[in-house]
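Lettered A, B and C in written order, each chain numbered from 1.
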Amino acid sequence: MLRYALKRIGIALLTIFALTTITFFLLHLLPGDPFLNIKVPVAIQEKQMAYYGLDKPILQQYFIYLKNLLTGNLGTSLKYVGRNVTDIIADFFPVSAALGLIALFFAELIGMTFGILSAQFKNRWPDYLLMFFAILGIALPSMVIGPLIRYFFGVELRLLPVSGWGTPEQIIMPAFVLGLATVAANTRMMRACMLAVTTQDYIKTAQAKGLTPTQIVMRHELKNSLVPMLAGIGPAVASVMMGSFVVEKIFVIPGLGKHFVNAVTTLDYPLIMSLTIFYGTILVTMNLLVDLLYGVVDPRIRLD
Amino acid sequence: MERTKAWKTFPFAKLERSGMEAEEMVRPHTSYLKDVWRAFKRRKTALVSAVILLILVVLVLFGPMMNPYNYYSNDYTAINSPPTAQHWFGTDTLGRDLWTRVWVGGRVSLLIAILATLFPFLIGMVMGGISGYFGGKVDMIMMRCIDILMGIPAMIYNILLIVVLGSGNISTLIIAFTLTGWMGSARAARGMVLQIKAREFVMASKTLGASPARIIFRHLLPNTLGIMVVGVTLTIPMIIFAEAFLSFIGLGVAPPNPSWGQLISIAAEVFKSYPYQFIIPCAFVSLTMLCFNLLGDGLRDALDPKLRA
Amino acid sequence: MKRYLAILLAVTLLLTLTAGFAGAQVKEITWARSYDSTSLDPAEASDDNSINIVAYMGEGLVRLVDNEVVPGVAENWDVSGDGMTYTFHLRRSTWSDGTPLTAYDFEYSVLRLIDPDAGHAQALTGYIFKNAQAYVEGTAEAADIGCKALDEYTLEVQFENTGLENLYSLTKSMLIPVKRELAEELGAAYGSDTDKVLGNGPFVLVEWAHEDRIVLEKNPAYWNAGAIAMDRLTGLANVANDIAVEMMQTGVVDLCSFSDPMYSEQLVGEGFSEITMNNPYQFLHINELGATEETGKFLSNTNFRRALSSALDRTALTLSVLQGREPAYRLVDPSKTGVNGKFVDEYPLDDGINVTADAQKAQTYLNLALEELGLTADDIPVFTMLCYESPTSQLALQACQDMFLTALGIQCVIDPQPVQQMMGKVFSFDYDFWYGGLGTGQMDELSDDGILGYFDSSVEGQIFSYANPTYNELIATGKTTLDLQVRKDTLFELEKIFCDEVPTLLLGWTTLRYVYRSDIVLHGTNSAYGVDLAFIDLAAE
């Protein structure tokens, strides 16, 4: 097991390196440059490019970037002039991660519970009710539900603060909206997985042995349903920690979400590279953990 | 003695059949697909959903012809008017008829809802199946490739695609979704295949000499279909709204061509002043969603060999 | 006994006084911004939300209040006859940390701004000084630059060109001084965080939580601290319009701005006050070179452009998609000043630009153009319309697209792009039409950041290729004259050429609506960045 884990860590590092390289070159394929601005004369734009070393040949830029990377220098942002990109990420990541993990935790818990209940009561009224809410939750995106909830609870009822970040009350609405789609999706997926497992022979054996339905669900059905669900959790955690663009915009939360989009459209090269490396590291780590978890949840799975 | 007596009075006559005739198949041969169709028909909700979807398709194709307006001409005398006898769904900020725009938009949205979810899912399933079955190096390389592709910021792909393939094209959009969407289903399929391949029937197949292709496509993947179908139906609304986002950066149908996602996101900002502009396309998206989900459920119940029992 | 009574009285008096102080309200407001500041370095700040914070924290030689230049760090100044040399006499003042502020600080700041090795985004502002550009290009020494400290409190400024604009240019935030020791210590990181900046203005930066809020507190060391009524200003970031409305309604925010009256009307109806200020004009720019040769042929033809202008129904545009704007019937909008009063009163021009569509005129101009080009209506190509990736821009272009189709039968394709890609296309002339806004200019349309300068073909590297020698001469006259009458006369001539030759399509005049709590009293505005929050006050209960 240990050897396998070490081998996987080595491969993970290689993967991140490949990701960095590919992103670097793809990025410089994008047309335009970060300093194009109608209010700034071309001569000054060129000086700006030279200052950041962007006028050098691309291969040379790549090796300079690698060298700096190894010494821990990821550069300063082009848009937020003079700020270290590592400081930018360190400022906003904790916010996104906190919101995302809280939302995801409750979403997974509630979603799986609803899914199990739905499967148990298949084709009876609890199933239909839960399915109805699930479908509504998936069909209506956060950009629609978010402002409605914000207006209703924030302005009409004055129960919760309209936006911002810092106090516990301010987490409630964004976490709810963020988690809603996941709850809905999880409900349906869990129900489908449970139903697929229920028809297996070993469940019949368990019933024949006289186990109560609760025991069957907890001991057998749950574990066997987890594998397809787990496949989605890895990327879900990674993407939710990076912040949701829409939710952070609707509730004015200083998270990382908008930087992923804006950094690319403004061609802020150092910021894009460090966001990619950061996200890639988290993604690879989560996938590694999930793969290891497969083996724990279902011992029949051999990864070799 | 009683038995012979009962036999004699029993109203059945003995059939004359030879050994060979006993082997004859009496019922017509039914294939996997025919079986699926039969099971599907039994699910009433799925049938109703299919019918509703068909009606939507008809409306989407012929709806715009039902009134004299087109989807792009501006009419400044009728800006933001609520539903009336002239404009059945009302008009938008530029005075364009919303009935026509909803149905023309529906063409785009339904098309990508189907194609932009099916292609990535099919590709993902195949890749995931191969990866899960062979394991080892094949699995490692493919999963790491997926990690890398997922790690690259999506905006970079999108902008590059616009540069390479040109904007305003629906095929560019479908390619964009396929490129970014196959990875999720690949991971899910791989997970399930890893689970299923340890089962006895797979071992039996292998022993009988089935080729890897046959095992993957005939045994492993069909068993994942139930859950994959649900996954497809879950992605559809995401695609519809992602299309709206992408159309703003130039990927997707060129304005003034509408799509449901675009209609909804533009109307979301003026929701408090003109709620009908938002509610109407939202209702159709939700209806489509509902139908696809119920359809998906019916398909899953029909496809899963165990559930049909 | 009397003694004890006296002491008791004194103590009671003291107590009530201190209680009075403790109970004294901290005067503060919170205002909402749609995006956060990016840098507080005067040499880098380019967006409005960075520029205004720099101006609250710092002060240059002079200040702009209600379009008038008033003394800042400079107490008074002497002007030479030709308007090219100013000698500023600085008052005794300090940085917010107490150290003295001298003329040498100004000299250093200008040198730093234009430093070619530093690549500052706003270096262009420094080129107003004599020999600044020459120094950057290597043909002059640093000592030749027209910004010299004669002694600690005397600064001699020599401008590269003469003109009425010179003094106005010195009010720009880019010329706010930077302390040498701190700038050299921090290098490129100057202005990126709370502890990385030092100012000399009415407020001090207390906290900058990026993408969240920025907090300024009154600077007691400011030379004019007596005129500053507010104790604290808090600016929130990333507040979109609909959220701003809700925050105003729940009392979280006290002041915000909107360009769309849909939002401001809601709040005004609930008892908030409103003031409007001018904003950059809205244009549909024309690329005379064309995205392709075919389109270029048409777009460089003046009659074709006149046809395009006649086809646009500006009133309909402002009623539908450009709500909150005024349809433009000439270039200069009615709020601008002339020599003694309003420009539009002194120089009437009622029909410079058509406010509604005139299909007949449009067709006539189109036929003229086709005749001149020797082509027929079938030869008209498809044009591309470039815009930024926002829904409003796309809607506006869809409206124009339909107008061109209805009046002229011209087909256009809309091309939305992310911002830097859009800029790339603009600079490489890869578009036919471009939806964008351009400044009205600090003083008027002749100012450096005003629209007219963009069409002066005698300047290198312009993003528009309109070329008209008479036009260029008029610009030169207007910019360099020291006579306000001459300047405004020239402006009028240029306006007439602009309306006649249609180098670009002006759609509407835009205004920004500031909505604020009714007990806030505004004093003074600043055309560079809107309402000046430094001098506001709260009405007594």
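A few remarks follow.
In this section, a contact is a pair of C-beta atoms (placed from the backbone, for glycine too) under 8 Å apart; a residue touches a chain by one contact, two chains touch by 3 or more.
Being a predicted model, the structure only gives us computed values, none of them experimental.
When the C-beta pairs in contact are tallied for B-C and for A-B, the bigger tally goes to A-B. Put simply, the chain nearest the middle, going by average C-alpha positions, is A. Chain centres here are Cα averages; for chain A and chain C they lie 39 Å apart.
Inter-chain spacing, taken between the CA centroids of chain B and chain C, is 51 Å. Centre-to-centre, using mean CA coordinates, chain A is 24 Å away from chain B. The multi-chain contact residues of chain A, meaning those touching 2 or more other chains, are 30-31, 147, 151, 264-265. Shown for chain C are the residues in touch with two or more other chains, namely 242, 389, 418, 421.
Listed for chain B are residues 155, 159, 249, 265, each touching two or more other chains.
Taken in their complex, chain C has these residues touching chain B: 242, 262, 313, 316, 319-321, 389-391, 394-395, 397-399, 401-403, 406, 413-418, 421.
Put simply, chain A touches chain C in their complex at residues 30-44, 47-52, 76, 79-84, 87-88, 91-92, 147, 150-151, 154-155, 158, 161-165, 249-250, 252, 254, 258, 264-267. Remark: chain A residues 11, 14-16, 18-19, 22-23, 26-27, 29-31, 131, 135-136, 138-141, 143-144, 147-148, 151, 185, 188-189, 192-193, 195-196, 199-200, 224, 227-228, 230-232, 234-235, 260-261, 263-265, 272, 275-276, 279-280, 283-284, 287, 291, 294, 298, 300-304 touch chain B in the complex.
Interface residues of chain B, counted against chain A in their complex, comprise 135-136, 139-140, 143-144, 147-148, 150-153, 155-156, 159-160, 163, 184, 187-188, 190-192, 194-195, 198-199, 226-227, 230-231, 233-234, 237-238, 241, 249, 264-265, 268, 271-272, 278, 282, 285-286, 289-290, 293, 300, 304, 306-307, 309. Residues of chain B that touch chain C in their complex: 72-74, 76, 79, 93-95, 155, 159, 167-168, 247-250, 254-256, 265-266, 269-270, 273.
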